[in-house]
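Next up, some structures in structure tokens.
In what comes next, chain A is part of two complexes: it sits with chain B in the first one and with chain C in the second one.
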Partner chain A sequence: MSWNDFAVRLVLIVLIPLIGIFLGLLYKGFDRKITAMMQSRIGPPWRQPFRDVRKLFMKENIIPDNAVPWIFNGAPIAALVATLVALVYLPMGPFEPVMEGYGDLILVLYLLAIPAVAMAFGGLASGSPYATVGAQRELVLMMSYEFPLAIAAVTIAWKYSSFSLGVISSDPVWNNVGMMGGIGLALVLTTMIAVLPGELSKIPFDQAEAETELAGGILVEYSGRNLGIFYLAEVAKMVVVGTLMIALFFPHNISSWYSFGGPEFGGFILADVGADILFFLLKLLVIIFGAVSLIRVAFSRFQIDRASYFYWVPMTIIGLLGTFLVVLEGVI
Partner chain B sequence: MRNEGKDETTYEVPIGPIHPALKEPFLIKFKIDGERIVGAEAHPGMNHRGIEFMGMHRNPYKVIPLSERICGICSIVHQHMFVTAVEHAASIEPTNRARYIRVIMSELERIHSHVLWAGVAAHEIGFDTHLHFTWMIREKVMDLLEYITGNRVNYAMWTFGGVNRDIPKKMYPKIEATLKYYEELYGKLEEIFLGDPSIRLRTIGVGVLTKEEALNLCGVGPTVRASGVRKDVRIDQPYAAYGDLDIEYQLPSLYGYKDTGDVFSKTLVRLKELVQSIDIIRQCLDQIPNEDINSEPKMAATLNKLKKADGEGIGRIEAPRGEAFHYVRLKEGKEELDCWKVRASTYNNLATYAPMFMGEQIADIPIIAACIDPCIGCMDRAEIVDVNTGKRWEYEHEELQRLSVKKTEKLLGGLKR
Partner chain C sequence: MKLSKTFDKALWVFHLNSGSCNGCDIEIVAAVTPRYDVERFGIKLVGSPRHADVLLFTGPVTRKMKNRVLRVYHQTPDPKVVMVIGNCGSTTGVFYDSYAIEGPIDTLLPEDAHIIYVNGCPVRPENIINGVKEAWLHLEELRGDNK
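Moving on to the complex of A and B:
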């Protein structure tokens, strides 16, 4: 690694998490506005999440008397850091992952599990019965959706014989399968779409927070800065999960179909890069709209055992069936 | 945790006094094993405002607006009951037209209350889309109530011997338009609350109250009609103009469903009562006689009569939540009420919580708590406070029974003497 290369990466590692948080807050504002419109409400302005974060960081940070302070304070930071680290291992738009070669899909999946675990520990350490119930639910839910998620990831990786996200996103997986494999991939995609609301703790899988049941559950004792950090982790996770889905299933770029031409910089055609970035943002928007906003307004909250059953039985079966079809086609 | 060598796996989760699942201050302590409820204990008394005490220091006319403010939703119910009770005590007869107007207003409020409840129920199971939908369509009936009375919530419509405002012929088209609006939307409501798979998942088989339990615990209103109990004051003891109208007990079995008594049946009963209310209002508009709206327009004359009256009266009506009553005692020569007692439907229905909660999950607490349509503001009428020590408590069943037996014995002893 040359010094020049090192410097570029260093800058990007600082920059990308900031961009991720910004995009997350922007999309959260979009999600809230569009949800409100679908529910025939007016809704908050799109910049409300930015205001929320600003206000949360200004508020007093209360630590309950019977909490374990170092876990209670450490959990939000662990959640945010893990989410942001995952971002630099993900390909975004036309760019390869910044840390390509130093970590792959498996690392990303592990990093994605950390925020949920951190939230559960934070909940357990806050010493409130509501948070305890919420933490138990969060862990149950995590154990339920991790397997279907792993099925989706492994199926794609098997197709490329590689866990590297740079390799996977360089060529859309749909180009490499025939009819049967296509059906299999569609099934795996269904599983992935079903995992998204669970991964992001949105209705119908928001049992851990469940406002009307547990009054905020896992986050009931959190306030001020700690809650603000959790808020940032949540919005960044939305971007991470969306980007992961794009990298696995829809890494298409406009530049591969059409080139605008024009000035170049460092091997990139600027107009094409711009188009690709816009296309990437649009894809992210569609995924967040479909997997978060649309599902959020169309369902009620499941009971925890039903949610767990949903992931363990129907979704796992659909995912495994998809994998089987993809592998079968590859073998024949 | 170890407890006397036995494995203790249950823990306690308090829901309340302030909790998003409850719309008013109220406390239920749950014993939870994992996600299952193994014990529930209700602790009312957090929303006691001493309204009855205030009422006993005012003349009856001043108590009418006060009685409206017992509850935020069923303000008509409480003024209706209070006015009926006082009329009963002082032998005042309202005119027939006033009786019909009272029915129309009561049924409009029933529509309002049931649509509002449906929204709350949807919110409790995390389905906010339907909360916003039902609360949007609720605006129409509130607009109509405002059109008729001038107010959205506290209508100030009742007075002794009749009503304060007439519903003239020119208001009929707007009333009819609103009724039509709800008739057209009813199909959609039914589709949402009886057909939506994710709502059915949360309501069918949840919070079951068997017919036997419903009878034993003396539940009232839609809560027990869903279990198949034929109980409706409008039919059992008709008041106002209900005797002239064609009404039927709304049971799930009337519509080809089983009287299971779960949350689904309770939703069904409430939705069907919405249709019934529309029908009742139409009947009223057809039959309403043309006469004065008040049998004694001069307030001073009535007040004078009330001052001379001596006796007790009971106002017993079917509120949207079930049977409720007011008890009033007037004493000759005394301008204020001698005694005023309010018993709202939630007081009875609270007892039905116990069998409904048992064995269900934490996730079902909000919807079961909401399924009786609790109104704590109406219900909280008594809390015992020892003024000397500042100690507060509530009487338990055994204690009350013991006191009751003691009182009876004392009275019997008095007779012997």
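Moving on to the complex of A and C:
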């Protein structure tokens, strides 16, 4: 790696997490606005999440007497850092992952597990019975959705014989399958869509927070800055999971169909890059709308055992069936 | 970080029933429904006092609830504002001089608590929204203290 390359990567590694947080807050605002409109309310303005975070950083940061301070304070930071690091390994729009070659799909899946574990540890360390129940639920839920998620990831990786996200996103997977494989992929996509709300702890899989029964669950003792950092981790995770889904299933780019031409810079045609970035943001909005907003409005919270059953039995069967069809087509 | 005007636009409220007849509690819920929709002002009902900026107390404080009211007040991170919803909380209302009542709420809370009285029996949702406007005045005062 040359010094020039190193400097570019260093700048991007600083920049991309900031962009991720910004996009996350923006999409959270749109999510809340769209949700309000679907419930025939006016709803908060799209910049409400920015205000919320700013307000949380102004508040007093209380550490309960019976908490374990270093875990209690460390958990939010671990959650945020793991989420933002995952973003560096994901392809965004027309760009390859910044750290392509240094980490792949497996690393991203592990990094995605850290925020949930960090939240559970933070909840257990906060010394509140509500948070303890929430933490247990979070762990149960995590054990439930990880398997269907792994099935989806492994199916795509099998198709390319590679776990590299740069390779996977360079060619949409739908181009490489026939009729039977297409049906299989649709089933795997269904599994992935079902995993998304669980991964993001959104209704119907928000048992760990459950405002109405656990009074905030895992987050019950968190206030001020710590709560603000968890808030940022949550919104950034929305972007990470959405980007992962785009990389696996919809890495389509406008520039592969149509070129606008015009001035070039560093091997990129600027108009095409702009169009691809806009298209990427639109895809992200559609995924967040479909997998978060729409499901959140349409469903109510599952009981924790039913949520677990939902992932372990129907979703696993659908996912495995999809994998079977894709592999069968590849083998024949 | 210094208290800024952003705080006004993102008030999270926590609701505690300290012995109310449930009339005011229903009206608080009415204020979050599509008809009044306080979320358009950034106001959100949260489940834990740790997340709250504004505490909504309803009802005259019964003996059992006295310590809970104080505890919830002290659990809430600063800066915070208290809204007393309904006549019972501000004057004990029809329960005046009862042996079971420790209220009104302002006699229990510390001297420096910022308290807003929202009157009515039960209060109307419009009046609750008006109370939030008064909370903003208190927060302006708090900002003055910070300078």
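Keep in mind that, in the parts below, the second predicted complex is superposed on the first by the 332 of 332 C-alpha atoms of A that agree within 3 Å, B and C clash if a C-alpha of one lies under 4 Å from a C-alpha of the other, contacts with A are read in each partner's own complex, and residues count from 1 in each chain.
By definition in this document, contacts are C-beta pairs under 8 Å (C-beta built on N, C-alpha and C of every residue); 3 or more make two chains touch, one makes a residue touch a chain.
Keep in mind the model is a prediction, meaning the values are calculated, not measured.
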Touched partner set for A:Glu329, first chain B, second chain C, both or neither: neither
Partner chain in contact with A:Glu138 - chain B first, chain C second, else both or neither: neither
Partner chain(s) touched by A:Asp104 [first = chain B, second = chain C, both, neither]: neither
Partner chain in contact with A:Pro129 - chain B first, chain C second, else both or neither: first
First, second, both or neither for A:Glu199, with chain B first and chain C second: neither
Contacts of A:Gln303 with chain B and chain C, given as first, second, both or neither: first
First, second, both or neither for A:Arg54, with chain B first and chain C second: second
Touched partner set for A:Ala215, first chain B, second chain C, both or neither: both
Partner chain(s) touched by A:Gly43 [first = chain B, second = chain C, both, neither]: second
Intersection of the chain A residues that touch chain B with those that touch chain C: 39-41, 130, 211-212, 214-215
Touching residues on chain C, where the partner in the complex is chain A: 1-4, 6-7, 9-10, 34, 37, 39-42, 46-48, 50-51, 53, 75, 77-79
Residue ranges of chain A in contact with chain B within the complex: 38-41, 129-130, 132-133, 203-204, 206-207, 210-215, 297-306
Contacting residues of chain A [partner chain C, same complex]: 32, 36, 39-45, 48, 51-52, 54-55, 57-62, 130, 211-212, 214-216, 219-224, 227
List of chain B residues in touch with chain A within their complex: 11-14, 19-21, 32, 35, 122-129, 132-133, 136, 196, 198-199, 201-202, 361-366
